[in-house]
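These notes open a run of structures that come right after.
Same chain, two partners: subunit A is paired with subunit B first, then with subunit C.
Presenting the complex of A and B:
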């Protein structure tokens, strides 16, 4: 990997460079208070880009797997005509966190990693350029809910990014993860990095790892073991399910959730479109079959589906990556306090006592 | 500060004078004239006191012998007001449609323990008797409802009309009796 140094005042020039190369650049912005969002960079808002802010709750996943996406249109004009619609944007995500980089990698594994490659996903992913920003500011970057140290996805991503930036104070250390990222290094704003910079990076990372608020709450390995062996008691799942309000919030903010549903809707007098949209296992209709039978009718049966999908060894082995990246968004939005760390801990405690 | 807001908040104990709430990670309520940046701890100063007021306990009248169940009217999870918002959201509309597929004639919800006592199963017909009238409905057996109560979502308009009569604005609980409806 190649490393370069960018001066603090030149960091946003990377956005300009990407825009000059024809990318639609997406970057984090502050809305108001602690509310932040990802948005397209234009000439007007370019200077308002935030480097260190709370990670937006609405994940950048939607730039590779849109919340709602048209797959095809059916037109009736004497005869039926089916027109598939492919969108092939050239996008760059600037300033996304290491957890979200891991989330996009998980989606890659799910949608492109096996025999069937999802064309729609591939079109979105093909021209995507990822600029990862390492979380170094303990007050603004690291939220109360973050637990990426437990899922081994942060605070600095090891790969799957094109360019990684890390705040060293007056300067930013830029690391290229792919050839596409390395091409940028020919630009004049990048200066060679010295050994001293690399040392400083290591020191900052070591210090940052100690700044996580609740670093020990999610020891995944024990829970993965219990869930994979089927040791978790029905009572534990019921206790977790009883706290679920079936809002689906956890799945809609998750950067690694892959489930979608397909729906047809009328768009004109002789025209319908087929859309694909995010779906949530928290909702009763998710597993209901056409005949009316619902194998996961009870709330706790639906809820354990989510954690089984994310923590069972079968799925981790199949995708070669875990479907939880430690961003802590489910903790932030859950009304019943059954975000990932709470469930991991509950299962570990309840099952561990029985196993003894 | 916007003059209108100053006007609204004038005279209230926590006047939000001089607060610019946009940006910078929010502030701890209340933002007063003395502490425009927020008050981390209330009543931190000396000589400042507050009083506890007793909360009056709500007395629930014992259920009448003849009408042991309390009927509650309310919003269903996927039916809200006239449902204009839910029906325009793909996912929520699916959930609503599935409810109607499972219970084509609508439903009232009853606790599973009560259902066992009466001897009814999910999807079965029952007749609800109130002092003013009676109505036949399908039951949805669920443990999400409290024992001794029956929940009627608002879209079951006929239940409301039959049991309450015409002029019943603002009534949202009545006592009823449940009887098994013979299977026709």
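Presenting the complex of A and C:
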């Protein structure tokens, strides 16, 4: 991988370069207080882009898997005319964290890696340019909930970005992960990096890893082992289920959740559109069939499902990574305090005692 | 544990080209409707595009299709015809909004279909073996495909046994087929009902009661059993078959789940480690037992 140096005052020029190349650039902005969001960069808000802020709760997943997406438009006058509707945006995500890069890569393998490819996802993904920002600021970048050090997805992504930026103080170290990212290095804002820069990068990363509030929150390996072997007691699942309020929040903020539902809606007298929407396994109707039979009636069965899907060895093997990237959003939104680290810990403790 | 491999293997159906949109259904035309039992009708249809019809005809027993009723939604349904038959049709019970919309269609009306999906069965794998079909109620719908396929290749199999039960004589499915199978040389077809009416002269009792009837001898050696029916029947029949000595990996069933996509993406049909739509819907009992979740 090639590395370059960008001066602090030039770093937002990367956004301009991308916009000049025809990309719609998405970047993090501050809303108010700690509330932040991803939004499209315009001439007006360009200077308000935030490099070091709390990671927005609403993940950038929606730029590859929109919350509501039209699949088909159907015209009906005697006969049906079915037209698939494709959106092929040319987008760049600027300043997304390493956890979210891992999230998008997980979605890639899920939607494009199996026997059926998802054309809609592919169209969103095809021209997506990822500019990853390494979390280095312990106060603003790393929240109380972050645990990417436990899922091995951060604080610096190793791969799957086009360009990676890391704050070295007065300068940013830029690393190209793809040929598309490397092309940018011909621009004059990028200067050659020295060995000293790379060493500073290593030193900062070492220091950052130690700044995580609860570095041992999630001992995934033990829990993955218990879940995969089916050792987790029904009682433990019930205790976790009892705390679930079935709001579905964890699935909607998760950068690695993939489930969707499909719905038809009328758009005109003879026009129907078929859309797909994010769905959540936390909701009671997720598995309910037309006759009323619901194989997962109990809340804890559904909670069990979410964590099994994310942590069972079978799926990790199939998708080459856990469906958890350690972003900590589920911890932040869960009213019942059963975000991923809490569940991992609960299972590890309860099952570990029995296994002894 | 292997899902979609081993005894129940992935079909040789063409995998769509990477650029193909797997969510795009194709327009189909309803030809005629035949009532089966109360709430259940058989819908004969064909694709408006003959090329689509030709491609679809490469389905195998045990696969399913997604049926679109635009404005209402889409539902998965098993394919009761055998690939050896000329016509394509679904047999559907009216339960929810989509199936109700299908039941309201008249011949000539259009709807849309995509598929076939799922692993299905490689009936060729069972050449030279005994086939034991056990069905309850509308569980005969997915098994019909296998039975008709087996009868079309009668000389390739040893014994063919059909055990079928319904609640009442009026709830027996595919009656013309049943009558034909009862008459056929080389097919042992046994019927039963839970509650008889005045005209019923056959066996009364659950499907399992047929196994113990005098004159009935379930083929156990070198047999493959296909079981499909309501959960309670399924449990008891499996118990009986295992007791008789049929191995877990030789018992095959098809599972149903709420599904949206049919191609392993929407996440609704997951049972344990398996996506019913791509790893199933056909599973051996050995696999079902190890799925890690209630079926």
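Following the convention adopted for this analysis, the second predicted complex is superposed on the first by the 355 of 356 C-alpha atoms of A that agree within 3 Å, B and C clash if a C-alpha of one lies under 4 Å from a C-alpha of the other, contacts with A are read in each partner's own complex, and residues count from 1 in each chain.
Operating definition for what follows: a contact is a pair of C-beta atoms (placed from the backbone, for glycine too) under 8 Å apart; a residue touches a chain by one contact, two chains touch by 3 or more.
Computed from a predicted structure; not experimentally measured.
Q: Overlay done on subunit A, so just call it for subunit B and subunit C: clash or fit.
A: fit
Q: In the overlay, answer first, second, both or neither for which of subunit B and subunit C A:178 touches.
A: neither
Q: Classify the contacts of A:30 with the two partner chains as first (subunit B alone), second (subunit C alone), both, or neither.
A: A:30 contacts subunit B only, not subunit C.
Q: Taking C-alpha centres, what angle do subunit B and subunit C open up at subunit A, rounded to the nearest 10 degrees?
A: Superposed on A, the angle at subunit A reads 80 degrees.
Q: Using the superposition on chain A described above, determine whether A:74 touches subunit B (first), subunit C (second), both, or neither.
A: second
Q: Going by the contact rule set out at the top, does A:279 touch subunit B (first), subunit C (second), both, or neither?
A: both
Q: Which chain, subunit B or subunit C, ends up touching more residues of subunit A in the combined arrangement?
A: C
Q: Looking at A:57, would you say it contacts subunit B, subunit C, both, or neither? Reply first, second, both or neither.
A: A:57 sits against neither subunit B nor subunit C.
Q: So, A:123: does it touch subunit B (first), subunit C (second), both, or neither?
A: A:123 sits against neither subunit B nor subunit C.
Q: Once the structures are superposed on A, label A:260 by its partner contacts, choosing first (subunit B), second (subunit C), both or neither.
A: second
Q: Which holds for A:84: it touches subunit B only (first), subunit C only (second), both, or neither?
A: Only subunit C; A:84 stays clear of subunit B.
Q: Based on the superposed arrangement, let me know which partner A:288 touches: subunit B (first), subunit C (second), both, or neither?
A: Touch partners of A:288: subunit B and subunit C.
Q: Superposed on chain A, how close does subunit B come to subunit C by Cα atoms? Whole Å, please.
A: In this superposition, no C-alpha atom of subunit B lies closer than 8 Å to one of subunit C.
Q: Looking at subunit A, which of its residues have contacts with both subunit B and subunit C?
A: Shared contact residues on subunit A: 261, 263, 279, 288.
Q: For subunit A, which residues are in contact with subunit C within the complex?
A: 71-72, 74, 76, 79-80, 82, 84, 110-111, 114-120, 230, 258-264, 266, 272, 274, 276, 279, 281, 286-291, 295-296, 301, 305, 308-309, 312, 314-315
Q: Can you check the complex and tell me which residues of subunit B touch subunit A?
A: Residue positions touching the partner: 21-26, 77, 90-91, 94-95, 98, 101-102.
Q: Would you mind writing out the residues of subunit A in touch with subunit B in their complex?
A: Per the touch definition, subunit A meets subunit B at residues 30, 32-34, 68, 246, 248, 261, 263, 265, 275, 277-280, 283-285, 288, 292.
Q: Quick check on the complex: what are the subunit C residues that touch subunit A?
A: Going by the criterion above, the answer is residues 15-16, 18-27, 68, 70-75, 95-99, 110-112, 256-258, 260-261, 263-268, 270-273, 278, 292-295.
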